[in-house]
Each structure stands twice: as C-alpha cells, then as structure tokens.
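Each chain carries a letter (A, B and C) given by its place in the written order, and its residues are counted from 1.
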Amino acid sequence: MIREITIGQYYDEESVIHRLDPRVKLVATLVYIISIFVVNNIIGYAFVALFLGICVALSRVPVKFIVKGLRPVMIILLITIAFNMLLTPGEILWQFAVFKISREGLKAGATMALRLTLLITGSSLMTLTTTPNNLTDGMERLLKPLTYIKVPVHEIAMMMSIALRFIPILLEETDIIMKAQMARGADFESGNIFKRAKALVPLLVPLFVSAFRRANDLAMAMEARCYRGGDGRTKMKPLKYAGRDYIAYAVIWLFLAGCIALRILL
Amino acid sequence: MTLEHVNCIYSADTNHSVHALKDICLNIDDGEFIGLIGHTGCGKSTLVQHLNGLIRPTDGLITYDGQDIYGKGFNRKELRGKVGLVFQYPEHQLFENDVFADVCFGPTNLGLDRKEVELRAYEALHAVGFPDEDFYSSPFELSGGQKRRVAIAGVLAMKPRILILDEPTAGLDPKGREDILELISRLHSENNMTIILVSHSMDDVAGYAKRLIVMDHGSIAYDDVPQEVFRNVRELEAMGLALPEVTYIMRTLKRNGYDVDDTLTTIDEAVDAIVDLYKSRHS
Amino acid sequence: MGIIETRKLAYEYIRRDDEGNVSGITRAVDDVNIDVRPGEFIAILGHNGSGKSTLAKQINAILTPSEGEIYVDGMNVADPSKLWDIRQRAGMVFQNPDNQIIGQLVEEDVGFGPENLGVPTNEIWERVNESLKMMQMLEYSKHSPNKLSGGQKQRVSIAGVLAMHPKCIIFDEPTAMLDPHGRKEVIRSARALNDVEKITIILITHYMEETIYADRIFVMDKGRIAMEGTPKEVFSQVEKLQELRLGVPQATLVAYRLKQAGLPIPDGILTRQELREALKACL
C-alpha cells in the first residue's frame, strides 16, 4: 500500500507545462519566487497571481491539487500572519490586554500571507508537473558548471535519484518493523516525549541496519554494471531544449521585467 | 479464536481501494496445527495481522476466548502476548546489543518483573536450540539461521498460546529449512502450542499441518484436512499453488494404473506404499 | 582456455575482535579450480556458508582473490586496467530483487548499464527494448519497479545485464527470496538465454531442483569443490549430498530409498517423470 505514495505528488497529464524542459521550470520557479518579493503593491501582487493563474490553467492540473500543497503549511502560515500582525509597531487599531494589532501590522500580515501563498502554490505547480527523476536530471545539468570548482554534481544527482527510488521501500520497511515490534508488545503511542523517543530505538536500529545493507548491495550491483562515476556516461534521456522552452524563458524574463517595472513605477 | 464475517478494505474512500479480506469466517481451536496457504497477495499476511490486533477489520467480529477483541475494556496489548506473530524475515527486527537483551524485549513490554523476564528469555533461547555461550554475542554477527532462531525466541519469550509464523523458511537453505520446521513441530508437540504456519509452499506444510486453509484473492477457498484439500488439483494449480512433490509422484503412478493412495504427502509414506506395491506384485 | 577459468583460487578474510586485533582467518574459498567452456550452463550448489557466493563475487572482481587466479575471457581479474571489460563480459544478477534496481522506471533501470558503458543514446534504446522483449517485460517499460512481483523484478535485472551484451551471466542465488512462481520464471529465463542466445550461465543456488538442466554441477563445501559432474552423476550420490546439507529433490530421494529397499531402480533419477518410467519398468 505504501508503495503507492508518489513522492513530490507528480500529477500525470499532457500539457505544455508538463512538456517543458525541467531546467526551464527550475529557473522559472526561482525567478517567480524572486518576483514575489520584488512587487510591493496590490497591482504587483495581482500581476503575479495572474501569471500564476495562467500557468495553472495551462498545466491542466486540477486546482484542488494545487491547493492541497497549502494544507501542511497552513499552521506555519497562520503563525507567521499572527506574529506579523501582533508584533509590528505602528498605529494601533485594536487592543486587548497585551495583544495589539496595528494598521502596519495588518498590512504586514496580509502581505506575508499573500507572498507565502503565492510561493507555495507556485512551487507546488513545479513538483506537480515534473517527475522527481526529471528534476534531478535538470538540476544536474544546470549545476554542471560547478564541477569546475570540484563540486561533485553528478554524484549528488545520483544520490538524490537513488534516495527517491528507495523512499517508498524504506517507508514500507518502517511499517513492517513497527508492526513486528508491536507484535512483541512495543508501544509507540503512549508516554511522554522521553518515553516515546526511547521507544523509537527498536524501530530505528533495524531500519538503519537495513538501509546500510541495501546501500552495500546496491553499490555492488552498480559496480557490476560498470558504474564508475559521471565520466564517460551517456544518457538515455538527454535533456534537449525545444522551441517552447526558449519561448518559456522569454516569457519568464519578461514577467520579471514587468514586476520590476511595476515596483519602480508605482 | 473466531472470526465472523471479517472484511478488510484498504483505502476504502479512494478509487484505489483493495478488498483484502472478503467475508472470512474461521474458528481456531487450542492445540491445532494449521497451514495457511495462498499465492502472493491473496491476503494471508493481512489475515494473520488481524489475529493479534495489528490491523483492524473494516467490519466483522473477532473474538479471543469468547471476547470481542475490539470490545470495551479488551486489552489488545495483552492479546499480542497471547497471540505471537513472527513476521517474514524476523531477523530484520533485531536491534539490541546482545542476543539475550533482544529476547528480553518482548516479556519486558508485557510488564513482568526482571526475574521473570530473564527466566523466560533463557527458556525461549533454549527452546530454539540456541547455544548458551552465544547468549551475549551481538545479534548482527550471527548467521542467517541463528538470527532467525533468536527472532523466534523473542516471540516465544512472551509465552503465546497461539504462534503464527509467516513464511518461516523464507531465504533459508534446505538444511536450515528442515531445522526450522523441526523446531516448529517440536514446539507444537511439546508445548501444545497452537501453530499457524503461513506459506506459499505446500511442501513446507504438508508433513506437519493437520488442517489446511487455502486462500485465494482474499477469500478462503478451502479449509479441511490436507488429504481432502489435495483432491482439488486443477483448482489449486489455477491459483498458482502446487501440491507437494510427493503427492504428484503418487498421482502420476495412480494415473498409470497402479493402485496407490494418491493423497500421500511425505516421502516415508510414499516409499512404504511403493515398496508394498512392489512386494505385492513380485511375490 | 574456457570463458571462465580459475586456478587454485582462494579467498581469505580476517576476523577481528573488538580491539581490532586479528582473532582468526577464515578461508571462504580454498583451492578452487574450475574451467567453464563458452555456452555452458554451470550450476554451483552449496549450503549457506559453503563459499559459493564468495566464489561468484570474485569472477567479476567485486572481491579480489587472496591466492590463485581467475581469467574471464582471457583477462586476468587482478589486472586493474581490464576491470570494466571483465564486468561487461561477465554480468551478475544478485539475490535481493529490490537492492539491485536503480532506475525509477523499468526502462531507466535497464538502460543504466549501457549508460555506464558510454553507449550512444539511440543504441541504448535499441538495447533496452531488445532486452526487455527477451525477458518478456516490454509492456512494463514505463512502470515503476516498486509495483512488480519478485520474479518480474529479477527479470528486469536480467534485462539490465543483457543490455550490456555480456558473454556470460552469473546468477548469485537469484531465487532465494522469490515464491515458487517467481523461481520458475527466473530459471526458465536463464535456460532460455543459454539455449537461444548461447550465453554462458553460471547459476549459484542451494536448490537442487534448479540444477537438473545444467551441463555440469559443482558442489561446494567449506570453500572447496566437494563434488563435480553432470546432474545425473551428482544426483546419484544421495548420501554424500545429504551429508553436505543439500536438499535432494524428492523424486531422487524416493528413487534412492526404493533402491535401498531392494527395488531395481537406476541411479541418477532427476525428475518425477524419470521416476515414473523407472517404476513402470520394474513394477
């Protein structure tokens, strides 16, 4: 059952966004995040939201999936908003005992909320339209220049993609070990924080031992299939830019230019 | 124990729902030796995890000694002490610094005092034939077969009334397999423990089980003595199961016109039967 | 010279105690001399701990011999400049189906080997499709390996090795973690590769039933070759095989016991069909 979980919640669909080269999407997400912090007025935010809305529509991913990404961070969102509202000094609009909400506070809170929402939904869109494998490939290509300063880009990308491949397997194993220890009377649910931490030992030790064993086996298998690092390797699915990727690059840079313009002019 | 109309559906509210157990009705009496057979994915592992309360059925009733195990006030933690479950590749759950400490884990969780815990661990390790001098070695330095014995001892130390073993011979070599099956048989005969042996191999179960439950796609297909179950060769093969090799040999002979019992399951029985046949023809 | 040849091969590993001092030396492989001809199907049998896996891992230089030499297709395994050629020539399929799959999609895993060899992109795809077709897994190209059965995963791994165009494939206990159905799938694939593609196969196993179609069998015990011969020759020595803790196939065992009881049964019975014929002749 656990193996059904898709990491990064990739949503399979045929759309122009899905077909974009992952490098474009990575760069676009970065630019998009920068743009969120560049704009600083209502029109600016509306512009960013509009851009996001168009991208979401183009991706054909149902809106509810995009919004799902917000749920885990809802708490952080609310805390951030609350802190901003309560701790920003300025003209006081409402007061109750120690708690004060100022006009500036309201503005800061709203701004923060808006920015975080835009940020999270935008990033969600990227992971929803790009497979984890594609992402690691894209990152590997983008960061290639770093190999000149001895950063092991290929190795890091390989590690990430192997980790992704094994996450469902390790999750399933965790479930089994937990059940096996529960069958011996282990209790993972009751007790204070210290008791519960101690109760994790019979879960973590076997899991680590197993993970190391797998890693050892996998290393042997990779070597047996002539893996010797990134040198001399060819790719089965090499990343190649297509026309739509260049258009996308143009669009994203124009978008950023637009945001900067809005900030300067308004 | 009894199971009445037990159903188990995973992810019932999504469109990936899996009806893992369908309307299971079973009685398990004291002292039985049951073989639970089925192809991979038929639900046998899911079923046994219901017996010690690890998985809760979507509906249906499970009772132990007449009490509903999900009834008010029923202590399911205690149940796990009475219904011991040894998972597949049980050696993967070993974690302590030494063998003895690991076997103590189970009884300690039952809340027994230290003396009782140590006594049980000692008895359990003896029961599985683990040598005294290795009691304090690290479990990670043992051979596969030894590790498995320690893991089984870990469950035995809880002194269960029912012992369920999920594929206890998985990954062992022939001698290792024989040793484990002998051990299980001894536990049954010496301690009158109820044994449920889960496997996908008829050969494992043939010589030992007095009752076979065959599962197929979440339901119980057959629940009877081995000889009766083996009459349904076509159906069993269609389920991806095979009869014990010895039974095939006897069936082949019978098909070729020899008057032999084609439901025999052990080599001893087969050899005796063929020798008798030979003697009767050549005397 | 054969495709694989070992001369006085030995492998030792040093056991250290907690302080790092040498506490003993184990000779896992001792004075092994094997000569495998191209296109042969060789089986290496032995109980767990007999040294068979240690031997296998020296053939493709995962382990380096402590003494003696191994030559793969004329290349000395100890020569570092030939390491990658040797591994391309002699591919290996391991025991754990999960722990040898690297790709997130079946086709990506099969392509891993050719990618490492620097094969151009077009050719990689040709090889991947060809190998998957040979293993009858082409329809699963775009599937995630997680959802496959054990037997299917092993077939994917075999395809992954095939895509490297090896001359010889070593199967290191490939069926130990599979159910009976999966075991059949894998052994059938190995035989087909040997019969049709003429690839040399070395099958390491502790299941005797899997070796009945081998050209030659080597039986290992305590790191040494204890028996050697054709399946018929090896299977006839039932007592010795039992001493070596091997599970003799049921048909062979029944034939042996009948012979002991005085029936005129020939030696070297491997299958139940042969047993039936022998019995027909004498009853």
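One rule holds for everything that comes next: a contact is a pair of C-beta atoms (placed from the backbone, for glycine too) under 8 Å apart; a residue touches a chain by one contact, two chains touch by 3 or more.
Not measured: the values here are computed from a predicted model.
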Study note, to complete from the structure: By C-beta contact count, A-C versus A-B, the higher one is A-C
Point to revise | Relative to chain C, chain with the most remote C-alpha centre | key: A
**Study point:** Interchain centroid distance [CA atoms averaged], chain B/chain C, Å
**Key:** 30
Exercise for review: Please report how many Å separate the Cα centroid of chain A from that of chain C, as a whole number.
Suggested key: 43
**Study point:** Touching residues on chain B, where the partner in the complex is chain C
**Key:** 39-40, 143-145, 170-178, 200-201, 203, 240, 242, 244-246, 248-249, 252-253, 256, 258, 267, 270-271, 274-275, 277-278, 281
**Study point:** Interface residues, chain A side, partner chain B - complex
**Key:** 1, 4, 173, 176-177, 179-187, 201-202, 205-206, 209-210
Exercise for review: Within their complex, state which residues of chain B touch chain A.
Suggested key: 10-11, 16, 18, 49, 52, 54, 77, 80-81, 84-87, 90, 92-95, 105-106, 108-110, 140, 154-155, 158
Review point. Can you name the residues of chain C that touch chain B in the complex?
Key: 47-49, 149-150, 176-177, 179-181, 206-208, 245-247, 249-251, 253-254, 257-258, 261-263, 272-273, 275-276, 279-280, 282-283
Check your understanding: Mind pulling up the chain C residues that touch chain A in the complex?
Key -> 57, 60, 62, 84, 87-88, 91-92, 94, 96, 98-105, 107-108, 111-121, 124-125, 128, 145-147, 157, 160-161, 164
